[in-house]
Amino acid sequence: MRESRALPYLLIAPSVIFLVGLFLIPLAQTAVLAFQENGGWGLGNVRRMADDLNFQDALANTFKVVLLAVPLQLALALGMTMMLRKVRRGRDLLVWVWSIPLGISDLAAGLVWLAILTDQGWLNSVLFQLGLISQPQAWLTYETPAALLAAIVVAEIWRATAIVFVILLAGVQLLPKEYEEAAEVFGATPWQRFTRVTVPLLKPSIQTALILRTVLAFEMFAMALALGGRNFPVLVSEAFNAQYFSQDYGVAAAYAVLVMAISVAATLLYLVALRTPAEQRS
Amino acid sequence: MTGATRSNRALLWTGVAVLCVWTLLPIYLLALGALGGREIVAQWPKPLAPFGATFEALRTFLAIEGVWRAAWVSIKAAAMTMVMALALGMPAGYALARFRFRGAGAYRVLILMTRAFPVAILALPLTVSFIRLGVYDTPFGVALVHAVLATPFATLVCASLFMGIPKELEEAAWVFGCSRFTGFLRVVLPLALPGIAAASIFAFVLSWNEVFAASVLTVRQRTLTAYLLSVLSESPLHLQFAGGLVLIVPSVLFIFLVRRRLFAMWGIGNR
Amino acid sequence: MASITIEGVAKRFGEVRALAELDLTVADGEFLALLGPSGCGKTTLLRIIAGLESQTSGRVLIGARDVSALPPRKRGLAMVFQNYAVFPHLTVYENVAFGLRMAKADKARIERQVEKAATLLHIEALLKRHPAQLSGGQRQRVAVARALAVEPAVLLMDEPLSNLDALLRLEMRAELKAVLAGAGTTTIYVTHDQTEAMGLADRIAVMHAGRIEQIGTPSDIYDRPATRFVGGFVGSPPMNFLELPVRDGKVDLGGLTLSAPPDAGGKLLLGLRGEDVVLAGPGEGGFAFTLKVAELLGPQILLTGTAAGGQSLRIVLPAAGPLPSLTPGSDIVLKPDPARLRWMNEAGQALETRS
């Protein structure tokens, strides 16, 4: 229809203004704030962040959680997706049950696993009744760092595998069955069909899921606070502490910049490592 | 059916059952802890059956000063997030779906960029400007940041919903007397409505669950998540569990409501 | 009721020229078919008339009113779309009533008009249903009823039958003709199907590569194609074209000498419809045709072969009449109907010699 060429621009203008004001400008402000010192440029905030007692722990913990949880989530979600393809009855119900954690925040997930893993929680109760322990066992203290890390990784897997699952399932539903059937006709075993046909075709969905999941995993902090309190610092909880308790906005900004740099680096890594060349797209 | 396929079926159903238990059991246990009150937190070893569960703890929790208010603030912030995400995302989605224009690519990049950044962290620099603007410590301020998270999602979902509606339907509306706007209201919107409803529920849940920005931007007008985070180390366990349950229940219900659209949503929303 | 005037309408999509400067007039109450292969610009032209597309230059007039700058809703027209574009969220009744509601017609008029249109298209029994419960043919009827219900001055139809299966298409074609003849609406009908255009239209405009090649009545178009394209596009099998050198004002068609039209150049194109030849009797003059394949098509036999120095030629003979030997390789002598020969210059433009 004939009308002014300005219409599409008028339609996107509100969201552009909004995103510039509340996304791009704060982004720039954070970057600037992180590298300011006494009214000039400097690395003072970064140095104060790096010298912080918890910094190395926070950095290490964050990476440990991401590196352990994300691959396991991907594997589990792939397994769930493949299982669901074989299920005929009760598909809808299963999809709903398996995607319930999608609606659960990391704080709520932390509280869920706190109920299970606390000293007198259900895990210990079951272990006690099985005769494996004789008294409540602590899992979530600084004396049991491996158990605490495992607890957080398990909680993270419990909570966020659903997102990966849903993205992969959406991708699988777009794949025609003919490809796998063709592979079957030519004698591929189920495992070969999975690794040689399904996974390569799912690469775009896997890429999307990994980007989203990794960025969110680097942002995780309420779960760590709920389960480990101060015993399990992560980068974002340190940023929160710097902002909220120390009122050191410069250090908080330095943490934010660090988290963003890591997130963007991870995204770029996935974009390059898992790119699908144009000639291979269906 | 051969023996091999039968044992394969058995293996499949075992796997399915294990995954269902893995998903549901932790929520059940939290519910036990929340509804069991003071007694169950003190009990050792704890029973797996809902023996002696009462609503007392939940009632106590909800009676704590600030919880109702926190939940109410959460609802207000989530509702505002939803409205803002739709108000901004629907027109933008329409533009992406129906027009080819210079800058559409750049706009898409801007939208996808929000994915690569932990957006909630941007609440940090916003604190200062929010104080200056008088929206610090208000549900509206929280909703502004949450809308940054929800708008790109709403835009992409709306764009894809509108693309799914044949252009000819709109053209028919124009020929038979509609302007672009009334044609949108009478033809496009009714057809896209179920999808838009699902997208708004997602926006709501997104805000309802968000912890970091909500905690940074509020002091007295805390959202439920911010409130729970601030009392983590102080309040007794059963109250924390009760709080967790209150946080979870609406989300689970919402996911149930949009379950049929889940895939379309994420399939689209993350392309 | 109104006439439609197109004045110098051109359309470019970036560097691509979709429509050259077109002029076209459709008389009040006339049924005009825009016929052409896909990509010829016929749908673009229709959408420009509807206001769904804007022309790069030129004017569109409906009646005496210049509507070039008006949006579709202010042009006073109705349209039937290729994919019907029946609104899936509205009942059949509301679909038919849509245009009237937009025009804020009063309730009694809406009811009357919907009933009238529904009766005309035989969809009275479907009024309470939703489009998803209808077959393709029924949706097509709803789309036509919706257009007729507003009693438009101008009715535009964009390949309305192309999505129906062959049998239904024949049925709807006959019905459309009856319905539209009664309505007396000025109609422009876009199609790539020559039989539709021939069967329905008062006049046909044949389009090719953004231009109108010829406008005329169906028999004009069929009998006297103005260009090689028109002859080749209309008719089944299409018109044959033989390239013949001119010597001393005469051409030699495989043993038959014909006098060339006066202003011929060095070479001529002879347009010859397959059915405009008969078998030459013994001793009669004719031209040689070498048969390659014979196909029986019900009442006719289609013969494919070569003539005039190996140029391909297809002819049609009545299956019931006398037949030559149908063995591939047979030589047959044929006699053309001299009154129906169509002479064209090398560029494929008809040379107007007779009629």
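As written, the chain order gives the labels A, B and C, with residue 1 at the start of each chain.
The rule is simple: contacts are C-beta pairs under 8 Å (C-beta built on N, C-alpha and C of every residue); 3 or more make two chains touch, one makes a residue touch a chain.
Predicted model, so just to flag it, every value in this text is computed and none were measured.
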Grouping of chains that still touch (sans subunit C): one piece
Identity of the chain that, by mean CA position, is farthest from subunit C: A
Chain nearest the overall Cα centroid: B
Length of the line joining the C-alpha centres of subunit B and subunit C, rounded to whole Å: 56
Averaged-CA centre spacing for the pair subunit B and subunit A, given as whole angstrom: 16
Subunit A and subunit C, separation of their C-alpha mean positions in angstrom: 61
Multi-partner residues of subunit B (at least 2 other chains): 171, 174
Where subunit A touches two or more other chains at once, by residue number: 1, 3
Of all residues in subunit C, the ones touching two or more other chains: 51-52, 71-72
Subunit B contact footprint on subunit C (complex, rising order): 50-52, 71-73, 77-79, 81-83, 85-89, 98-99, 102-103, 146, 150
Subunit B residues touching subunit A - in the complex, by the definition given at the top: 12, 15-16, 19-20, 22-24, 26-27, 29-30, 32-34, 41-48, 84, 87-89, 91-92, 94-96, 98-99, 101, 103-104, 107, 110-111, 113-122, 124-128, 144-145, 147-148, 151-152, 155, 171, 174, 180, 205, 208-212, 215-216, 225, 228-229, 232-233, 237, 240-241, 243-244, 247-248, 251-252, 254-256, 259-260, 262-264, 266-267, 270-271
Contact set on subunit A toward subunit B in their complex: 1, 3, 5, 7-12, 14-16, 18-19, 22-24, 26-27, 29-30, 33, 79-80, 83, 86-87, 92, 94-108, 111-116, 118, 120-122, 124-126, 128-129, 136, 158, 163, 166-167, 169-171, 173-174, 208-209, 211-212, 215-216, 218-219, 221-222, 225-226, 229, 236, 239-240, 243-244, 249, 252-253, 256, 259-260, 263-264, 267
Subunit B residues within the subunit C interface of the complex: 166, 168-169, 171-179, 182, 187, 190-191
